[in-house]
Each structure stands twice: as structure tokens, then as C-alpha cells.
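Below, each structure is written out as C-alpha cells.
The following pair of complexes shares a single chain, subunit A, combined with subunit B in the former and subunit C in the latter.
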Partner chain A sequence: MSSGSSSFIARNKGMLMLMAPIVAFLAVFFAWPVVLVLANSFGGDGGPIGEYVEFFTSSTYVRIVIRTIFVALLVTGLCLLIGYPYAYLMVRTKGWTLAILTGVVLLSFFTSVMVRSFAWIVMLQRNGIIDNIAQFLGFDGLVLRGTTTGVTIAMVQVMLPFMIFPLYSAMAGIDTRMERASVSLGATKWTTFRDIWFPLSMPGVIGGSVIVFVTSLGFYVIPGLVGSPSNQLLSHLIYSLINTVLNIPLASAASVVMLLMALLVVLPAMMRFDVTGSSTSRFAGDEGRGERQSPWLWIWAAVVIALLLVPGLVVIPLSFPENRSFAFPPEGFSLKWYANFFESRQWWGAFITSLKVAVLVTLTSTILSVFAGLALRRASTQVRTVIRALVLTPRIVPGVIIALAVYGLFLDWRLNITTTGFVIAHTIMALPFAFIPIAATLEQFDTRFEQAAASLGASRITTFIHIILPLISTGMMTGALFAFVISFDEVVVSLFVGGVGMRTLPVQMFRSVANDIDPTIAAASTMLLLLTALIVIASTVLTQRRAR
Partner chain B sequence: MANGTARGAALELHDLGKSYGGLKVLEGVNLNVVPGEFVTFLGPSGSGKTTTLNLIAGFAAPDAGGRMQLDGRSLAEVPAHKRDIGVVFQNYALFPHMTVRENIAFPLKQRRPRPDAATIARRVDQALSLVHLEAYGDRRPDQLSGGQQQRVALARAVVFEPKLLLLDEPLGALDKRLRESLQLELRRIHRELGVTIIFVTHDQDEALTLSDRIVVFREGAVEQVGTPAELYNNPGSEFVATFLGDSNTFAGTLKDGQFTLDQADARFASLPGTPDGPIKIMVRPENVTVCDDAGEAANAVRVTVDDVVFSGATLRVEGIDAKGSQLIARTRTDGPLPKIGDAMWFCWDASTTRIVATGGAA
Partner chain C sequence: MKKLITFAAIAATASAGSLAAQDKPDHIVVANTGGPYLQAVLDATGKAFEEKTGIEVLGDGPQTLPQLQQMVQADRVTWDVVEVPPVFTMRYCGELFQELPEDLQNYENVLPGFGNKCGINSVGYANIMLYNTSAFPDGGPQNWADFFDTEKFPGKRGLWDGAEGVNLEIALMADGVAPQDLYPLDLDRAFAKLDTIRDDIVFWRSGAQSTQMMESEEVDMLMAWSSRAYPALKNGAPFEPVWNQHIIYNNVLTIPKGVAHPDVSADFIRTAMEAAQQARVSELYPVTPGVIGTEPDLDEAGQKVFAATPERAASAVVPDLQWVADNSEEINRRWTEWLNN
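And now, the complex of A and B:
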């Protein structure tokens, strides 16, 4: 047995060396602290299961758990209902139509969660846009901020891209000739959809639902800002248990409960489907694309586009008022909030911190992912499955749990409120996003290019620099972009890891929204929106040009 | 390079084997290739020919005990990029992000000391003219046809003057006409450069046309080595006989030098000097004549004509013998043509019978 394992090491030395950095990183900074959370939950004053007894005998806590599950299920169901027809329309279109439908989802996906949360507050609060419209129509007004309905609406809007992308990717992999076959065999359009199309799109339905459900379970920003203490969710409870009550064992127990709820959903789904989104199978043909579609689908798509874009747009006018107010429509015109953004140490400092952290996270995640991707190429099927599961796990652990775990570890290691701490914490979150495109590109990379380079006299390093790197650059750029955005946009982990002396921009925005009325956040949001729009539009135009 | 001064290398393979996990995919390969020789590895897919090629190129390491020597120098500790062996891949493996010139210059830039830019440019030009692609240097691989990509791959593999060139089914992806013109091209380049070539294919015609010698692979081992004529005329086994060209085989027993088949209406010449026991014999279709009666023929088998295919110079007659096996005769087309359903005899001389298996192997 021992000789067998030692020869495994000898045979796979290169693979293991490439693998080591990412495995060590995730083991030390992700797996270990999560284990510590588990240990903490059993380590309270009331004996090993004392925290759990306290948690489940409190009717308040139990009600929070039930409300959390209910909201997560509701958000998942609504996202599926809203997103499915949209994704269906996407696979039926091509060229510019497809580019625009995709671009809108991308734009929404890349728009900072804080920008969107801020927009929802403005829309849902007292004297907000919806309230004003309701009063204008003669109702008593409609204040959704502080209600579970408001939280659900905002969460659906934020989660929608996470549902649409897996749905689209699964549907794009369906061979449209199946539909023609079905119709030629005598099935009606509806039967064909029910018995052929929908079952074949199942991996996307399950994949999207799992991601949306798990993210909703541990979502902190929207419930924290749009919700109210009287209808708080589990993530909010965990946060306040740590920061207000300082009851880490009970917070840990609550986290374990949340983690179990997530695993209860994720594990059965993982047994049957590849929910990690790593499958890259794609039906190459485009029969059935560009055909006429029902006008109802287009109307539906228009509503979805409005839902995805409008919340972003409402923040723009709010950045120009004369006075410190979020009233809509704003009064007067001034650019002073923009000036404030660049002059204030808080705003500009936070922006610089975010930029610095995001650049470092991009570098770390990309390098770790390239190493892991290179290792995947040499690994056996079983080893690949293990590696992939390990790297993608942070994606299916609710963010607030990662935040608590990392925060606990960093307390011991004195890494809270340091750049290193931020970079490590964000890298955990960014790795799955960077890894998926990079690993996919590397796995598709033809071994014969390496062999050819070797036969022509190129050393391993020369081959890597001159052959492999240029050929995987697209996948690498995609992975790097995702890593950058995830880090730049990250809120909940940063709330834990940061402090007064060191804030990222999203945290500064969070504090600003939570604590005072400062239109600087609208100015910041507008600039972020413009930047995101520029990037998405530029990349869409470039892809379209190249496609010609 | 183009003036034929480069010489090929000698290659020795000794007891080469390869296993993956517990699975042996190659065993006991022994071969001596002389400088400048054109050797073809021929066999069905999975027979070990490409595995052997990968071992020679250094893309995989042989099992312990196997040895490879290039011009008397052991390859055991030499990594792939230091072997100086040119390889042309099945799907060419041209680097898609480089132009044709950049692809061909790539190996030259890896030489140490690195040649100066002018030398590199001159040698790339020579390589391009060798494959008649002077006008295509600035294109990218995806702007070339399959045949052109093939030539670029060849130019890239010979530009650094390797003494041994390995070609892994290089013509496999091309249509028939292009294959034939590139075969001629390959023969010309082989003559001009004098390089030793190992060519992998599963196409018997290609092997017969191009090679000085053919190595027939079967199930991870070498079945037979010989010139195309030797293998065709004297196949050492039924596998070689059937893999190279058409053949008619008969399995029977030999007793006192006389071949017998448990079948009526067949007559066979005696096979002196062969031990008794189960035996398989073979005759090529072009040595078979179609007769109305057995007459004086040394070998004759009665058949019912099943199909007659006229192809200009020759006539292919397919017959079914009394046991229901299909036999083929290829004859001249002068004289009356047999008709489907006719009862005829397939006859041949004693000298054209080949024994392809004896004893237990039958």
C-alpha cells in the first residue's frame, strides 16, 4: 500500500506541484476556518450542544430560519419563472439580438450589488419612487422597504443573472434537431416542450436554482439594507450575533444550521447534475436560431430587460441634487457630490483600497487557477473531480459563513483590517469564478501543441510562455475579469474583515446607505454604472465584430 | 539543407514496451533503421504504432528494460525538446496564433546558440520553397487549406535539419487526390534531404507506395518487418496477408505433405517439406484464373460466381465455394466474361500458394 502511494507521488510529481498552491490555499484559508466554525458551535458554555438547544428553543430564531428558507425558496422560484422564458428566447436568437439580450444580463450581473441595493432602497422607501407613483395614482402610498415583499423583489432582481446564465448554457447545449425530430414524429409544440425540451434543460434549471437558493440563504446586503429588524433573515442574525452581541458560539451554531440547509439542497443536486457550471458541452449547430418567436416571449423579455436595467438608471439623477436628499425627482443641479467623492478621504480612500485589493486578487486567483488548470490536464478523472469540487466549494457555501469563518481565523492571525487579509478573503470568493473559464480553456487545449513545441526544441518554460499562454489568453482574461469584479464588488466578507481604518468601496457605500443620507453614493454608483456599461458594451461590440 | 548534404540518422529500438497502469499496450519492439531509410509503421488503430512513435519522440517514457539509440547515442535521459527529431502530427498542430513564417521560424529560435535574424529568415525561405509555399508566409494556419497546412507542418518539422523525421498519419485528413500528390512530394523531399523517415499509417496502399521497409504492428507487437514486396509476396501470417492486399485463405490439415480441406470439389497441390498438422494457406487473387473445368491445374476450387466487377485492366470475379466462403480472382479482361450464377473453377499454380500459418497457430 505504501509503495503504491509513493509511486503515485513519483509518477505525478509535476501534477502535484502545480496543484499544491491552490490546495494549500483553500485548505488553510477556507476549509480550516470552516472547521473552526463547526468546532466553535459545539464549544459554548452550555455544553457541546448547548448552542443548538438555545437556538432551536428560541421561537424568534426558529421563525427566522423558517422565514429565511421561505424567502430563499420564493426568490429561487420567481427567478426560475422569470428567467426561463428569457433564456429560451436567448437560444432562439442570434447576431445582434442575442448580443443585446446577453449584454443586458451581463450588464446587470456586473453592476455592483451595492449600486443595485442602493437603487432598490430609493425605489422602495417612504417617499421613494414606487411610493410616489402609488400616491400619484390615488392610493395611500406603498412603502416596501422593511417588508419581506420588498426584500424578495430586490433579491430576485439581483439573483436573476445567476439563474439566466446556467439556463442559457444548458439550453444552448440542446441539439435543436431533437425538436424537429419530435414534431416530425407527431408531437405538438407543447408536448415537445414538456417531454423533450424541458427535461433536456434540467441541468440548467437545477444548476441555476441551486446557486440562487444557496446565495439567497446567505445573502446579507439586501436583507440588511432593504429589510428591517422585525423581519430579519438568518444572515442578518449571524452578523448581529457577532458584532452586537459578541456571541460567537451561537453565531457559529446558526452558521452550521445555514450550512446544513445549503448542503441539503446542494448535495442531492450534485449527485445528479453538474451544478458547478463546469460542463462546456455545446451544440454547435444553430438550426432553430433566428426563427420567428411568439410576441408574448418578446413582451416578456422587454419586462425582464426593464427589471434588470431600470433600478440602475434611477440612481443617476440622484447624483445631482443641490441638497443632502434622496428625494425623487431630485431638486436643483450640482456636481458637488462628484467633487466630494474625489476629495473625501473616506470615499476616495475606499475606492483606492478596493482597486488595490481587486488587482491583487485578480493576480492571485488567475495564477492559482492557471496552475490548477495545468494540473487538471495531467490528472486522472477521479483526481480531476476532487480538484474541481474543492475549488468550486466556496461557490456553494453561503457568503456570510465564509465571512464568519475567515473573520475568526484572522482574529488569531491578526489579519483583519489588513490588505493581506482582504486579498486572502476575496481570493476565496473569486477563485471559483476565475477557475471555471481558465480550467475549461486549459482542458480543451490540445496536448499536441505542447508535443509539437517539444519536438521543435522548445523547453517546458518556452512552451508555456510562447504557446500555451497566448492560446489560453481569452479564457484567462475572462477568469481575471470575473475575479476582479467579484473582489471589487464584495460586501459581506469585507464588512467582517475590514474596519474603520480600512474600508473597501462597497463597504463605504453600505455604511453610507445604512447610516446617513449622502448623495455621494449616487455619484459613486453613477460612475460605477458608466464604467460597467462601457466594459460590457465594448466587449459585446468586439465579440460581434469578431463573429463577422 | 536543400542541397541534400544532411544525412539521416540510424535508429535502434531494443525490446521497447509501454504499459499504462497495468495495461500493456506495447511489448517487445525490436527494430534497426539504417540512415536515410523510409520505414512505415503499418497497422490497425490501437496496434501500437503511434505509441512507438511517441516513445521515439519522447512524448512518453518506455517501460524499464527498453532501449532506444539514435546514431548510437541512448535517448533514455534526453527530454523531448533536446532529441532533435522532427515530428509531423496527424492534425498538423500548427500554432494558430502564429503566421506560417512564425511557425517555421519557431524551431530555429529554440536552437542554442540562436541563429541571427537574417539566418532564420533565409532558412524559413528555403523551407517555404521546399514545400512550394513561398507566397503564403504571412498567412495564419486557419487561412490555409488542409493540404497547405500539411506542407507547413512538414516545412516546420524539417527546417532545423533533424536527422530523423516522424510522421503520424500526416495524410489521414486529406482527400484521395491530395494524398497521392503529397505522397509524391514526400518521396521527393525524402530524396532531397536524405533524412531518415518513420511514417505511421493504417493505409496499406500508402505503405506499399512510400516505404523502403514496412513494420506491421498488431495488438501492441511487431508482426512482421520487410520490404513491401517481401510482405506482399511472402506474408508471414494470415494477419499480414489479409491486411496487405486481398487474399484467399484456406484452413485445413496437412497429412504426408498433402493439404486437405473437408470440402468437396477442391484439389490442392502437395506442399513438400512442411510438417503435418493444421495449416492455413493463401493465394493472391491476381494469381487465380477462372476456368470452365479444373483440367490440369495444380490447385482448383469449385465456385459459384457471385459477382463480376469490370474495372478496365482487370476483372474481379467473386465466387462462393462449397463451404460458403467468398473467394476472389483478378484476371485479364480478354475472353468471355463469366456470368453471375455460373459454376466455375478457381485455379492457380503450385508456386503461388503461400503457407501463412502452421501447427497451433492455425
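And now, the complex of A and C:
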């Protein structure tokens, strides 16, 4: 070993030690097994590149790739367009208005993707809600189920919170005095927005877009349930190659293609912009909040709120039918589906398992992310980019590939159908989401506080507990929240890792939607929705009281 | 000395106990598509097996092929009995599934065309056409040719999103091919025929979706599994089954390679094939028994979708699944191509 590299290690000992847990975790439980699966793509019958030749010489597969990129870009663009004014309004409001605007996004974010896919089916199908409204208004009707438009709308609705949160956090960091300076120098509102505000919000724009784009590329649940096989996306192709013909080499090649597409977009964005945090000043303050905003912004916000909330609300009436049926509007009234949720070992047991796993995942991914975030602050730009890419990759690899990889590893280690196994698998999926907000706040964090504490004789640990922790609590809470939701909502990997006697709630819901018409899923969703609403409202009330 | 004897006795009991444990597990796991069907199997066959052997039967599902492959490759098989589509056993007999004992391989009185050395058909369903009686009050389509006739019977058509065993066959029958001349399938001709109704197709992916399609009257006619038509008809969806040119389909029971107690697995399968269990399962869940002549006690909707009446069995089309299994990759590739071009 050269003296150069050993002195690098000596110089960066603290950073490397903080980095070690997350890197080791991802290397052992994610990178290694996934590489093993993807290596299959070079081991097909047609030689090392045989699968790739087959993939790219098929006009069908190429068309599916192009369609997937197109939909992902469209969803990203629409989320940005819809989310930007909303986030802008959020930073311009305070008190209850801000609390409501935030609460709505949180509520939507917390509503299970399974539930929302289900709601979108009810809304978009023929004789569905939208079709009936269109007919009522005198049109011929409007059936979006099975169309790319329908898939896009549903995906935008699901991805919107992932866009709004980073946008808000970047905008909240913008020094509003710059804006006032600009206006006082005679710039119009529009010029100020274009030349000052928008460029400063760029980290949020890029951060949100990267998450939305990458997630949309590999999305399985929504395109699978709302879309049609005749406009299928890459994730569906990979899934059916594996599940119906067991063609793992070709499926792996398709996954490598998807991975490369994602990296092609993500890496340049991360090189140019600080995706996980804004480098802007932190002296934003509350100035400019609570000013009168254009009525158009409010109308826009109202539309966004409707878009975010309606799918969740559609499910509520479906939880009371007399018969085992999802007809809309439902017939009769009965509470038996609620009773079934509490009485059935499958539903109640799955709920408890999910809760337990999600809490543990929240802990592990938050701790790993805080360590990594602390290390990131001391790292050089190149190291930062590499680490961010590593932590974000679980987002880029298709869920079914991760599922297959993790399942194989767990068979050897006897971790399937155990709490430990679930926690490990979900932590892989949750880390990208926990890491981004946590790393962002840690990077923005003013190191002078730390230096001041140190100069006054505080130990590192004291400084961490009394200075750093309170200052990064918002980012940490956001990251923890994300981790909880991701774990509580995960379907694809859990389908593999679970088994007899141990299943999570989304898997139970998935089984229920896939196998049977069981209004218990609507009852479970309604209760989850109410629980979420209560938590969001309670935390809002608490923060509002404290603010006074 | 007495101590020694006691010790030996304890040791003997303990080793006998562990020997017994090796012979007879305290539970086995049966895997199929899951949901209420799994529950029906556990309530019917599972209970009967428990009473007979004292071995508890647990259920798992949905079973997937890649999961099974990984279990077998890692030699950690946790499913003692798995129910799968016959195409799987035809492709992976000896690789993922082990050969069944002789008596199960040569079981008499089961519907032919589905079992092989590694799989025996348990229960199944029919791929039937149903039409919406409110869309066609004066009588709807009566055969697959009508189903493909968009002028005589305009409207949306529901089809399963899958390539194997149904869609190509019904397209060819609609194009005038007699059921006994279907195989080898003329893929070009089948896809050309499917092209003619392409714009009117609504695909369903899971059985529950097809039920929902009937209840919400999303389509005017559809191909559905008889078992999934049942809940819709029971809830009063205005659909009428057409028992003409329907394609029957049975899933098979298998023993994966590397299970701990293949004898116990085989015993479970024997229990599942007994007339009492065959009838009970189809009373609990509207599947059609694989054993010919089983007469379950069914309600009105159940009778409407029961495929095993002598009359319906006589007019049934039996797919050549061995041909389908041999050409599985080609069929699936062409299907994906057709869908996306």
C-alpha cells in the first residue's frame, strides 16, 4: 500500500469510521446479492452479451424502454409543474395555513400506495367516478384505466409529495432579503422570480426531480394495476420475464439497462448540483411569510389539495358495503369489514408486524443516515458524490431484482420470515429516503456552532447531543418519517421475504386485491387514513401551540 | 445401576422421540395462489389431513416460480406441497419438482391432459365467455366467432393478460379452426385474429379484477375463469355464462425437490384427491373438481359456473398444455410483442 493512501486513511479516520456502517450494510445486504443476480445477464445461452443483443434487437423491448423513459420524464415534469407553485405558497405562508398545506401533503404521503392504486382503479375505469362525471356533463364518457394518461395521472399523484418536500426545504432556505433587494432595485416580480428565486431553488428542483424520475422508472404497483399490458413499462416486463418464463438472464439484462438509464440521469445531476442539500444561506428567517399571495396561487393550491386527497377519500365509502363487492357507489351499510379486520389473525397480525418492523426500520435507517451525514460533511466532493450514489441505488434497482437478491441471501442465512429479515430488507429500501433530508440538514448545519462548543471544552459526544442533535432534529424527523412510511408501505420485497405466520399489512392488502374482492382492505385503509389524519392534526396542533 | 438405567431409558426415549420427529413432522406447508381459495383448501383438505395424521397443515401464498426455484437451488424448501399451473410441471419436472409416487402418477378418474409424472390435477376451472345481459337483452354472443364479431356485438371485451392456454386458442376457434385441430397453434393466424378486436379489449390481470369488471359492468362481454365469475353472479352482476367452446384448465399438485418429508407430502395429496375433500373444496370455493363425477352441493350461482356437469364436460375444449409448455418462451415473447406494437 502506498504511503499516499495510508495517509488518506489516517487523515480521514473519523469520516471513514462514520461511513463504515452504512457502506458495510449496503455492501453486504444490497450490492453483493444484487450484483450476483445481475451477473446472470452475462451468463445466458448466447454468450456474455447474448442477452443484451436479444434485448436491443427486439423492437418491442426497445419500444418499452422508450415508453418507460417517456412516462418517467412526463411524471417528473408534471410533478415539478404542479408541485412548484404549491411549495412556493408553502414558504410564503405561516401558522395554520402552512400547517394545513403541509398536513395535506403528509396525509397523502402516508396513504398506502396499495390503497391509492385501488382508488385510482375505481376512479378511472369505465363506469367509474370520472367516467360518470364526464357522462353527467354531457360528454361521451372518459375511460382512462389502461391508458398511459391514466397511469401518468396516478403516478403523479403518488409521486407529488416526493417533489414538494425537497422543493419546500430548498425554498425555505432562500434568503428572502435577496428578493427584496432585487425588487427595491427596480426588478419586476417576474424578473426577480426568474433570476433570483428560481436559480436559488434549483437544489430542490433537482433533488425532487431525481427522486421522482428514478422512482417512476422502476414503479411496479401503479402501472401494474392501473395500466394495461399493451402499454406496459420496463418494470412489468422484468416482472413477467421472471415470473412467467423464469428467464432470469434476460430479466437481469433489462434491469441493468434500467439501472444505467437511471445513473445516466442521476450522476450528472448530482455532479452539478448539491442534490441532497442546498448550499444557500441559512438566514432565511420568516420575512416574506404571511404576505398576500396571488389568488391564482390559492386556486392552484386548492386543485393540488383535491388531487392529493380525493383518492384516499374515495376508499372510505367502499368500506361499508353489505356484500363482498367493490361496486361504486356501494349498496347497503355494514360494519362487518371493520370487525373482520380486528378479528382476523391475517389482518390484525399483519398490521402488528408492519408496525413493529416499521418502527425498527425507522431507527436503523435514521441512525445509519445520521452517521453517513456526519461523515459527508467532512468528505471531499468526489467522495460525497460516490456515497450519495451508493445510498440512492436501492431506489434505482427494480424492486423485483432486490427481492430476488435479498431472498436468495436470506435463504442461506435463514432470515426469511423473521423480523430481522424484514428490518434489513426494508432498511435497504428506506435508506435513500431517510438519508436525503438528514444529510441535507447536516450539510447546511453551521460548523461554527460545533467549533464554539469545542472551544468551550465540550466533548464530541456532548457537542453532538446538545448542539448538533437539536439543530438537525427537523431533518431527522423528516428522514425518520420517510423511513417509517417506506417500510410501512413496501410490497414487492416483502412478498418474498414474508411467509407463513409473518406478513406485513401491504402484502396482506396486495394479496387481497390480487386474489379476492374483500372490502376489509377498504376498512383497513379507512382506519389507516383516520389514524394518519389524527397524527398529522395532533402534531400540527402541538407545533402551533409551541410556536405561540 | 438404577440411575444408569433411568439415564438409558431417557436417552432411548429422547432418541426415539427425535426419530419419530424425523418420520413425522408436526406441521407441513401447502402453497397455492393464496387468498380465500387457500382458506378453502385448508378448511377442507387441511382439516381432514390433520384429523387423520395429527400433522398441522399451514398455508402459504401466492406461490411464485422464482421463489420456488431459489428454495430448491438453496436446498431450503419450506413448501411441502405446491399447487401450480401444469405448464410449470411440464417444463420443470425433475428440475424443480420431484416425480410423484406411482399410485398418484396413475390415478384413475381424473380429467386427462393436465397431470404428468410430477403433477396431478387437483381442481380447476373453465375459461368461459360471459356477456352482459343489459347490453344484449335479446341474446348475446354464443361462441368465440361472435365474441370477435364487433359489428354484430359491439362493445368492450375483457380478456386475461396472459399468453398461455386461452387467448390464442379462442382467437383460432373464432377464425374457424375446429377445437381438435388447434395444435400446433398457428401463431401468426391467432395474432392476426386478435388484431381485429384489439381496440375493444380491456385486459384484466388478476382474477379479482375480472370479478370487478363484471360488477362494475366495465365490459359488455369477457373471457373469465368460472371460479371468478361466481362472486360477481352471486352479487347480482348482469352476466350470463356461455357454455360453448369453453376451455377447461386444472392446476396440479406437486412435491418440490428437496422437501423434508416427501411421503407426508404425498399423503396430503392423496387426501386432497379423495371424493369428500374434492366436493368440500368446491363447495367452499367455486372451483371444479379434477376428479370426474364429483357432485358437490352448490347454490344457484355455483351451478351456473360449475364446469363438470356431463353436458358441459362433453362440450369442453382441452388445451394441449405440453405443446404450450414446449413453446412457452416463443408464445410469451410473441404475446409481449403483439401487445406493445
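As a working rule, the second predicted complex is superposed on the first by the 388 of 548 C-alpha atoms of A that agree within 3 Å, B and C clash if a C-alpha of one lies under 4 Å from a C-alpha of the other, contacts with A are read in each partner's own complex, and residues count from 1 in each chain.
FYI, contacts are C-beta pairs under 8 Å (C-beta built on N, C-alpha and C of every residue); 3 or more make two chains touch, one makes a residue touch a chain.
Only a predicted model underlies this, so the values are computations on that prediction, with no experimental measurement involved.
Colleague: First (subunit B), second (subunit C), both or neither: which does A:Gly499 touch?
Modeller: second
Colleague: Residues of subunit A touched: more by subunit B or subunit C?
Modeller: C
Colleague: Contacts for A:Pro33 in the overlay, against subunit B (first) and subunit C (second): which applies, first, second, both or neither?
Modeller: A:Pro33 contacts neither subunit B nor subunit C.
Colleague: Look at A:Ser228 in the shared chain and tell me whether it touches subunit B only, subunit C only, both, or neither; answer first, second, both or neither.
Modeller: Second partner only, subunit C.
Colleague: Scan A:Gly204 for contacts with subunit B and subunit C and give back first, second, both or neither.
Modeller: The answer is neither, since A:Gly204 touches no partner chain.
Colleague: Taking the superposition as given, does A:Ser325 touch the first partner, subunit B, the second, subunit C, both, or neither?
Modeller: Once the two structures are laid over each other on A, A:Ser325 reaches subunit C alone.
Colleague: Of the partners subunit B and subunit C, which touch A:Asn127 in the superposed model: first, second, both, neither?
Modeller: second
Colleague: Report for A:Pro432: first if it touches subunit B alone, second if subunit C alone, otherwise both or neither.
Modeller: A:Pro432: touches no partner chain.
Colleague: So in the superposed three-chain picture, is A:Gly457 touching just subunit B, just subunit C, both, or none of them (first/second/both/neither)?
Modeller: Touch status of A:Gly457: first partner only.
Colleague: What is the shared patch of subunit A, the residues that subunit B and subunit C both contact?
Modeller: Correct list for subunit A: none, the interfaces share no residue.
Colleague: Within their complex, state which residues of subunit C touch subunit A.
Modeller: Contacts found on subunit C: 29, 33-37, 58-62, 64-67, 69-71, 74, 76, 78, 156, 161-164, 201-203, 205-208, 211-212, 215-219, 231, 235, 328-329, 332-333, 336-337, 339-341.
Colleague: Looking at the complex, which residues from subunit B come into contact with subunit A?
Modeller: Contacts found on subunit B: 57-59, 79-87, 89-91, 93, 95-97, 106-107, 110-111, 156-157, 160, 166.
Colleague: Provide the residue numbers of subunit A that touch subunit C in the complex, in ascending order.
Modeller: The contact residues of subunit A facing subunit C are 58-60, 63-64, 67, 121, 125-128, 145-146, 224-225, 228-232, 237, 240, 242-248, 323-328, 404, 407-408, 411-412, 414, 495-496, 499-501, 511-518.
Colleague: Please name which positions on subunit A make contact with subunit B in the complex.
Modeller: Contacts found on subunit A: 446, 448-449, 451-460, 462-463, 466-467, 470-471.
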